[in-house]
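Going in written order, the chains are labelled A, B, C and D, and every chain counts its residues from 1.
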Amino acid sequence: MAWTREDMARRAAQEMEDGFYVNLGIGIPTLVANFIDESIDVTLQSENGMLGMGPFPYEGEEDPDLINAGKQTITELRRTSYFSSADSFAMIRGGHIDLSILGAMEVSGTGDIANWMIPGKMVKGMGGAMDLVAGVKRVVVIMDHTSKAGDPKLLKTCSLPLTGTGVVDRIITNLGVFDVTDDGLVLVELAPEVTVDDVKASTEAKFALAEGLAV
Amino acid sequence: MAWTREDMARRAAQEMEDGFYVNLGIGIPTLVANFIDESIDVTLQSENGMLGMGPFPYEGEEDPDLINAGKQTITELRRTSYFSSADSFAMIRGGHIDLSILGAMEVSGTGDIANWMIPGKMVKGMGGAMDLVAGVKRVVVIMDHTSKAGDPKLLKTCSLPLTGTGVVDRIITNLGVFDVTDDGLVLVELAPEVTVDDVKASTEAKFALAEGLAV
Amino acid sequence: MGKLYTDAVAALDGVLFDGMTIMAGGFGLCGIPENAIQAILDSGVKDLTIISNNCGVDGFGLGKLLDAKRIRKMVSSYVGENKEFERQFLAGELELEFNPQGTLAERIRAGGAGIPGFYVKTGVGTVIAEGKDHRDFDGETYIMETGLTADLSIVKAWKADPQGNLIYRKTARNFNPMMASAGKVTLAEVEDIVELGELDADAIHTPGIFVQRLIKGEFEKRIEQRTTRTKEG
Amino acid sequence: MGKLYTDAVAALDGVLFDGMTIMAGGFGLCGIPENAIQAILDSGVKDLTIISNNCGVDGFGLGKLLDAKRIRKMVSSYVGENKEFERQFLAGELELEFNPQGTLAERIRAGGAGIPGFYVKTGVGTVIAEGKDHRDFDGETYIMETGLTADLSIVKAWKADPQGNLIYRKTARNFNPMMASAGKVTLAEVEDIVELGELDADAIHTPGIFVQRLIKGEFEKRIEQRTTRTKEG
């Protein structure tokens, strides 16, 4: 049984470690915040200029001066600090963020990622995605294993314009978890009742099986 | 009668204009602050991270956290802001300071300046001098016309290691005032009772006379 | 010397010209210079190059200048909130230069700091790197990006003193401080102008040296995506 | 996860090694990390490369490490306050790399910001430019400077909260914020540690992400040049 969006977010939350500073992308990655183990201390960065992002405000308490990178109203915490966009991306580019969890349209077996542009469709822009994949210490992608049309998204080579090359460390899909290693893609976990053959059938990129993978 | 140090500082103070942001070097340039016309609004920058530098504190009110670039205790004003060294020199390098008044060991007829190092003597370092001459909109030098040994300091070519090339706009010495123009050095003012021949006798660099110079 | 003007129209007098480059602060609709945008619209100035992370929404923020076809070129990182943008772009009426958001922020900082070029990893191997100088440092490849300046920067802060010292509030800071430093002329509009000496000198984000003109503005402060949670029990 | 240590000795446990590079904040004796310097001295670590605008005075600040001959190389902009420095340098016991002060500050910021190289006008045509890459932008010549990082940064702030958010006081800020961002490990020593939430989130100079270790220190805060004026009347 493939993972749901919530399952994927829950699994991604396990990537967090005590003391981590983490940037979460828009979409499923945003959900990850709901599943962070309460016994560890994690600080969320919002690249528009904030460390220590809190939950959505209670109704009537929205502050137009307090939004996240998805332009949603949010709240601050006791640990919060604010800074400029230049300082925010100095933090990101300088390798100070421990983990970024992002969505993607395509990922290649060598860790290339495409998540900002589909030729022929209106180009909205890359926002901070290129900076995040280039600068953050560890990049984890959450995405459906295949497109809505059923096409593989884990490819030998990305077909869409790239966001970054060789930058993805781990991919969490509805079928399982893959690591990008020097020797290529390795399947390290399977969703319940999903078989290696299921994965193979919907994956274009070659992948190895991790030792001890429960199949 | 050649100008005294105070005369030179008083003359340099006339370089200020209403609304100017000004950086004053160590030595005679520091004295210039005492002669600023009270009818104009001038803000002094200290490159260690302060805009709006006030006078020395009253005895007993010295604050070790509040010093100028010469490491002297100073005070703040109601307009004062503090910033980091990186932000301070971003301000300087980015051309936001209107005027810098600096001392010098040698200046050339093309506006080269040497004011940080004498070979064979202990090298103390250039501090912020190279940044100031390269970045500030207008650079005015105050210096004695000759060295203590009587040697000219306004030279065809500087003999000492340079602080910057082609950066000086005006030189105020005890004998007069010179502008560095595209056509070379121009004597624009003479100290009282000083003659052009007096100046020529102690100047190595060639200079022209400004139209209307009172000789 | 007075930096204080009665309103944005007065503050922009003599500054605007067709074909000029303007930096506009803000992220989405958060921390945008609403008053200056309206005054620029009212002035009739056109063929503008606008450097701004986003381009407002239809009918608000920079969207107003877009709707009136005053913008010739946008330099941005994300413009997805705006249908009129899409229409003009697809019709070839609008030039567009995308920058990664952090690269854009740093280019503006560099412009204000006298740094004409710098190297970043961001965008290496992507369309962003095409035509740019590549250089290796310690075995890793970087691309050169250039500093940006503007004829005019319009920024929005929370509080100012009459010297133009500025303090921003929460995430409304975003691109405003760097833009304030990179404009030949910078107009700051604020919610409150306090007496000289009232701002904490350690807490000033933009020293007054970067602000040539200053107004107290009126702000709608529209919220783009109102997300809330419900109070439990 | 705790960043708070009892003292500088505990906070530096496992971090120090011979031959390491250390950035030390401060300008003159203003805003220097007195406690970390003493602990580094007491640790016996040697062959240090120290990146700091100055090198203290004889017997105080970094002068302590110099007197004990622990410093192999200084990267500074001005070292004129220190006789032992002169002696060791002239005797060939000490390596010295001068940087213009603004270039030094920007190199450290760049190191923390993931920028391995950038161009400045400062020093063009001087000894500082020798051997460096030259490049023209808009008809003006610039030189390339490189980013700096360190194995350890020791910085001094005024207040901190337990997350390591820092606020500096007056001109004691100087090089400390950039150095905090450029150390693989950063130890901040402060005068006061306040409760979480007590610092104004808009006024924090160094977000806690840059601070791995934190102590409340004891400070002499020696004044280098006591200049005063007399009260009139």
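Operating definition for what follows: contacts are C-beta pairs under 8 Å (C-beta built on N, C-alpha and C of every residue); 3 or more make two chains touch, one makes a residue touch a chain.
Model, not experiment: these values are computed from the prediction.
Student: Along the graph of touching chains, what's the shortest path length in steps from chain B to chain C?
Tutor: Step count on the best path from chain B to chain C: 1.
Student: Could you give the separation in Å between the centres of chain A and chain B, each centre being the mean of its C-alpha atoms?
Tutor: 55
Student: Measuring centre to centre with CA averages, how many angstrom lie between chain A and chain D?
Tutor: So the centre of chain A lies 36 Å away from the centre of chain D.
Student: Between chain A and chain C, what's the gap in Å when you average each chain's C-alpha atoms?
Tutor: Chain centroid spacing, chain A to chain C, equals 28 Å.
Student: As a quick test, compute the distance in whole Å between the mean CA positions of chain C and chain D.
Tutor: 32
Student: In chain D, what residues contact two or more other chains?
Tutor: 106, 109, 113-115, 120-121, 168-170, 173, 201-202, 205
Student: Could you say which residues in chain A touch two or more other chains, in rising order?
Tutor: In chain A, residues 76, 82-83, 89-90, 92-93, 135 touch at least two other chains, as defined above.
Student: So, with touch as defined above, which chain pairs make the list?
Tutor: Result of the pairwise touch check is A-C, A-D, B-C, B-D, C-D.
Student: Quick one: which bits of chain B touch chain D in the complex? Just the residue numbers, please.
Tutor: 46-50, 55-74, 76, 82-86, 88-90, 92-93, 112, 122-131, 134-135, 161-166
Student: Which chain C residues qualify as touching chain B in the complex?
Tutor: 1, 109, 111-115, 161, 163, 165, 181, 196-197, 199, 201-202, 204, 207-210
Student: For a test of understanding, state which residues of chain D touch chain C in their complex under the given definition.
Tutor: 106, 110, 113-121, 135, 137-138, 140, 142, 146, 167-170, 173, 200-203, 205
Student: Please output the residues of chain D touching chain B within their complex, sorted ascending.
Tutor: 27-31, 53, 76-81, 86, 89-90, 96, 98, 100-106, 108-109, 120-128, 158, 168-178, 205, 221-231
Student: Report the residues of chain A in contact with chain D in the complex, numbered from low to high.
Tutor: On the chain A side, the touching residues are 18-19, 21, 40-41, 43, 45, 51-52, 76, 78-83, 89-97, 135.
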